[in-house]
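What follows is chain A paired twice: with chain B in the first complex and chain C in the second.
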Partner chain A sequence: MFHERFGRNKSDNFWMIAMYVLAGIFLLAFVFPYLYMLFSSFKPSNEVISVNPTFFPERWSLENYRSVFQTSDIGTNFANSFIAALVSTIICLLLGSLASYAISRTAVSRFSNFLLVLVLCLKMIPMSSIVVPIYGLVQQFGFYDYLPVLCIVYAGVNMPFVLWMMISFFKEVPVELDEAAAVDGAGPLKSFIRVILPVVTPSLISTGIFTFLLAWNDFLVALLLTSSDAKTVPVALSEFLTSYNLDLGPMTGAAVLFSFPVIIISFFLQRYLVSGMLAGSVKG
Partner chain B sequence: MIINLHRKDNFSHTVPKKRRMLSSTIERKTLGFFFLPAGLFMVAFLLFPLLKLVYDSFFAVGDNYEGRTFIGFANYIKAFTSQQFQSGSLHTLVYVVVAVGLETVLGLVLAVILTNKYRGFKAIRTFLLSPLMIAPLVAGLVWKFMLSSQFGIVNVLLVKVGIIQSTDSILWLADSRFSLLACIIADVWLTTPFMMLMFLAGIQSIPESLYESAAVEGANKWQIITKIILPSIKGVLFSTLVIRVIDAARTFDIIWAMTQGGPQGSSELLSVQIYKMLQRYGDVGYASAMAVIFIIVLIGLTLFAQHKQNRD
Partner chain C sequence: MQICGSVREKSFTKLHIVVSLKNICSPFKLCIEQTLKSQHTTQYASFLVTEKGSKMKHKMQTLISVVVTAAAVLSLAACGSSSAESKTLSILVEGGGPAEKVARSNAAEFEKETGYKINIDTSPYSGLYDKLKAETDSSKATHDLAVIDVLWFPALAKGLSSVDGVLSSSEESDLMPQLKEGGTIDGKLLGIPTWTNAKILLYRKDLFENEANKTAFKEQYGYDLKVPTTWAEYRDTAKFFTKDDMYGTAIIGQTGADSVTGWLEFATQAGANNLVLGKGNKPNLGDKAYSQALDYMRDLVKDGSIPADYLSLGTSEISNMFNQGKIAMQLTWAHFYLSSAEELGDKVGAAPMIAGSAGVGAIPGPWYEVVMKNSKKQDIAKKYLEFMYGKNEGYMETLGVAARKSVFAKYEDNAKYAHVKALETTLAAKQTQNRPATKMWTEIETEILSPLVQNSLKGANTKDELSKAQQSIEDLLG
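Let's look at the complex of A and B:
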């Protein structure tokens, strides 16, 4: 139905042209902001804040990138972002897959149903209201602005998302596999590691990508829990644009550096992204 | 289940008996043991802060968390009668309705467009996914830059097209009439691709035979869209809407990057208001009460949606 060739009849031709035009308009509208950012980052800094901005740079320059590295600790910020996102993702996957496997295999029991609903409710909490109590907790133990704590907090706040996604993946794994393993004499933990985990590896990858992105893109938690040593890129980015200074040029450079690798990697891992997106919402 | 969509879930619904009986291969003790490590993390960083919030909401708390007096539901009464809380709720509602409404319509249009298997459409889909990977904060910053009345390209383009006279005719971020709309624009840009992807997946699970029989009956494309595609993806539509409504209501980063809730609180959603009240003004008791009300509404919405979906 939706894959005719051009030239069969008039109405099909009209439809096809209309679809191409619409698709083109949407493509332009959605890619424009990102391209504008990209091209702006290659403008000299005075051109970025021109009152008559153009789309393409009139003069290409790496000035913005240079000044990001000179005027801020963006390198450290990148390292912090990366470590926090990676370590928290690993913790989440290790503990989360174990827990969600257990829940998915006891779906009938009332206790596991309770856990399931609890996880869902925890997932729906707005971070902006509980991040201050979290801050109080971290402060109390004297762990403010400490990278390992950031990793652990991310692992905690993203755990419901991981559980929720992994449960739906585990439910697709036939129970016969567990039973076969049990017949062969493997305990629950052993059959989980030896038999089940290899089967769900693709799902683990897509859950991992999203969990990584959640921590990598987080702004709020890092805003409250860090100030200098453990500061992440989003917090640094937000500091380029305050009421006191408006460093648009360096901001565009840092934003491109921050988002570009993610987009490139996502292009290659698209298959996992789409399957992950269907199992859980992006912004847990 | 809300987030668990499509074939997987439909499938488990069609063969419930055998599955459910077999699916208890783990004993309760093992369940507790397996859940415990992940559970500890969630208790420490989600459940405990949540309980702290509920506890604090019954107290009048002094500065720096010192000196607290139990005042019962007074904070809740204060919240319900306060002008500020009402306007915050109203902004949240407007934001959710307008942003999610636009995203749904645009997402549907895009999904229908990309259902056509024309040359190049696969590449277009890939490109459209790129906003999905961008941090909400970055999206906010990009749009703040583009909507700026001094250096922004949006107003320059609008002047060139002839919609407005000069680049400061619309002060997107400084005019209280437009600030919320400006944030909505950024949200729509960031999330419409997600809607498209979900709807597209729904459309792809429609069996080809339905189209074929419709074609035999002589249905045109418009009829196929309204009579086959839309009814078939009702389930997906509902799930996606619920996810998005809750996410949009919780939006923080975009607003913070673009306006911080200003000017004069005109773009202050509840999430921003609660955060400010907790972090800046130190009225912990009152802020906690607002947060508890907000969380109850969101969780109520979630459970209602889940209940409805499990029944269907």
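Let's look at the complex of A and C:
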């Protein structure tokens, strides 16, 4: 590996430094938009949309944050986003882990494979093409702008992702564990809860994080299914831009606040995220 | 409380749900039934309430009980609020926009007058149309009323109630020009106008009044510096003010509807009538007014009197540049005057839209308050329209535009609203006309006309581009 050879000779050192510089440039390119938004949120509102923008605020101000809380129901929107993302993730993990365990243990069945491909195909359909029919159904049943329904819809649309993630994890758990549990007298459900689930807990957490983020960042579904009571933060954010107004200052403040939970989750649970992303990358 | 049940499908059209409702309070039981009835499931389902469940089907019942419980719990909120809903009118408006502000500020008064509470639902601009379209297509109204853009009438028409007769003839005659025509589809008025808007000329009054500028302009162009009223004057003035880190003007080159409207305004000033779709719904882009308008825009580009990144500029960006002193003149929606005056004080002036060979022309941008056809509260909804017609001044105070002539007249001598007279003149001009009322307009605008404007501004042959667009529209309309 490259790092193991670091320090052997001048040529290695040169390449090492070049790699760090390159990594730094890439890092800056990725982080720049966020940092620009972060510093913009501390600029006075009229400076945010300046024709000659500066990276750092010329005058630091909390005006945008004050404006966010004064002009919108951002607290309620945050609560809605959090509840919708959390509840839908719990539903997904609960049903998804049961389903994927069952499918992983009956993989020889043609029907299971067909089911999986079908689920994947459903995930390939653009959300924009299914969200209007979903809206039609929801308003037909009289559940428009109702938070529990948003949770259920998120659980539905994110379920294929959970299934595909969890199946790869369950397939890595030896069948011998199930057999040992069966010998000890455990039924399928008991062996799943007592034996298999503890083994895949880290994978369950990483899948849960991704599922949470999918629901947390969603705009389109919430845009159509909510209006006032169940409105989530991404939709509330978009209302700072109307056909008659361009209120970018408070929008940057709200966007920074919205990004915090994601940053906190990523920071504390990054090892699960990495293990989740690399799942199935090495076989054998 | 215990709920369990079983489901068995007897036929494709009939479903039996057996529910054991032990120790369940009757309101809750009623609630489940009411909810299921309200959700049109009764045509498929019949209910048998028993005291005992079948042991053989215990597992199945457990599963079903989860489903039934979930449905029942979900329905609780709807049940609990059903009586309140009967005295509530639900209105959908653009969140953060003037319609929301005016609706909120008058809701309490309407409730006091009628006993009906106004529930204001908000959505961003992009979601408004999708929600209303879905409501129209599914024939079920979640909202009783909505405030909509004029462009959506053709697509939503079948889901809207006629509001003919809501206003008396004297009230109708108090509406600004083109408003009644804009909201009329197949001879039926489908919305009560809330406000109308059009592009006018906003300019830097201080620059036009500067003596040094006046002298230099006269020397350079041979006539007095004045607020431009024609294409030629506008072009000269734009060239003259392009100096000292400032551009004379800007044009909208951004992809989308904004640039198309900007071009069609020039076209109407050059004499185009029945914009884009002429008589018999046949595209009329062969008319020389369209090519003259494109050529005029290209002249402004060639002169260098507009910012170099004109292809990425829309009205909001241009207005922002104007407010920050980077542009001397802009043709923009009249309501931008208020924010510009807030930034630049009395340095801002407002004048009617400029004129081409056919005179002053602009494209109105009105919004309307509509009643959804499937709303079960038609009468009270129409009463609300009438009530809001009386509150039209609220839009003038909030946005700087309104729908009624009497409201305009009240504000035209108010120094804070210096744009009002300019807007009235522009709206009354003979070449001012609405965009075509066709369901296909959004598609025509974004997929055919927007690329046409951008390609022409980039230097493509305007005649070829117009001819291609003509063909594309003909193909699209079949």
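In the analysis below, the second predicted complex is superposed on the first by the 266 of 284 C-alpha atoms of A that agree within 3 Å, B and C clash if a C-alpha of one lies under 4 Å from a C-alpha of the other, contacts with A are read in each partner's own complex, and residues count from 1 in each chain.
Methods note: a contact is a pair of C-beta atoms (placed from the backbone, for glycine too) under 8 Å apart; a residue touches a chain by one contact, two chains touch by 3 or more.
Just so it is clear, the structure is predicted and the values come from calculations on it, not from any experiment.
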* Asked: Put the two structures on top of each other at chain A: do chain B and chain C fit, or clash?
  -> clash
* Using the superposition on chain A described above, determine whether A:112 touches chain B (first), chain C (second), both, or neither. => first
* Asked: Is A:145 touching the first partner chain B, the second partner chain C, both, or neither of them?
  -> second
* Asked: Looking at the overlay, what does A:17 touch: chain B (first), chain C (second), both, or neither?
  -> neither
* Asked: Thinking of the overlay built on chain A, is A:49 touched by chain B (first), by chain C (second), by both, or by neither?
  -> both
* Asked: Which partner, once the models are overlaid, touches more of chain A's residues, chain C or chain B?
  -> B
* Once the shared chain is lined up, is A:247 touching chain B (first), chain C (second), both, or neither of them? -> second
* In the overlay, answer first, second, both or neither for which of chain B and chain C A:62 touches. => neither
* Applying the touch criterion given at the start, work out whether A:227 contacts chain B, chain C, both or neither, answering first, second, both or neither. => second
* To do: State whether A:239 touches chain B only (first), chain C only (second), both chains, or neither.
  => second
* Asked: Once the complexes are superposed, what residues of chain A are shared between the chain B interface and the chain C interface?
  -> 49-51, 132, 136, 224, 238, 240-241
* chain A partner contacts - residues on chain B that touch it in the complex -> 1-6, 8-9, 12, 19-26, 28, 30-35, 37-39, 41-42, 44-50, 52-53, 56, 65, 106, 109-110, 113-118, 121, 124, 126-139, 141-146, 150-153, 156, 167, 189, 192-194, 197-198, 201, 208, 211-212, 214-215, 220-221, 224, 243, 246-247, 249-250, 252-253, 256-257, 270-272, 274-275, 278-279, 287, 291, 294-295, 298-299, 302-303, 306
* Structure fact -> Within their complex, chain C touches chain A through residues 38-40, 73-74, 77-78, 92, 94-98, 119-127, 130-131, 133-135, 137-138, 140, 142, 149, 316, 320-321, 324, 326, 335, 343, 399
* **chain A residues within the chain B interface of the complex** => 1-3, 11, 15-16, 19-20, 22-23, 26-27, 29-31, 33-34, 36-37, 40, 48-53, 55, 91, 95-96, 98-99, 101-109, 111-112, 115, 117, 119-122, 124-134, 136-137, 152-153, 155-157, 159-160, 163-165, 167-168, 171-172, 175-176, 178-179, 182, 188, 213, 216-220, 224, 234, 237-238, 240-241, 248, 251-252, 255, 258-259, 262-263, 266-267, 270, 273-274, 277-283
* Hey, which residues of chain A end up touching chain C in the complex? -> 46, 49-51, 132, 135-136, 139-146, 148-149, 223-224, 227-228, 231, 235-236, 238-247
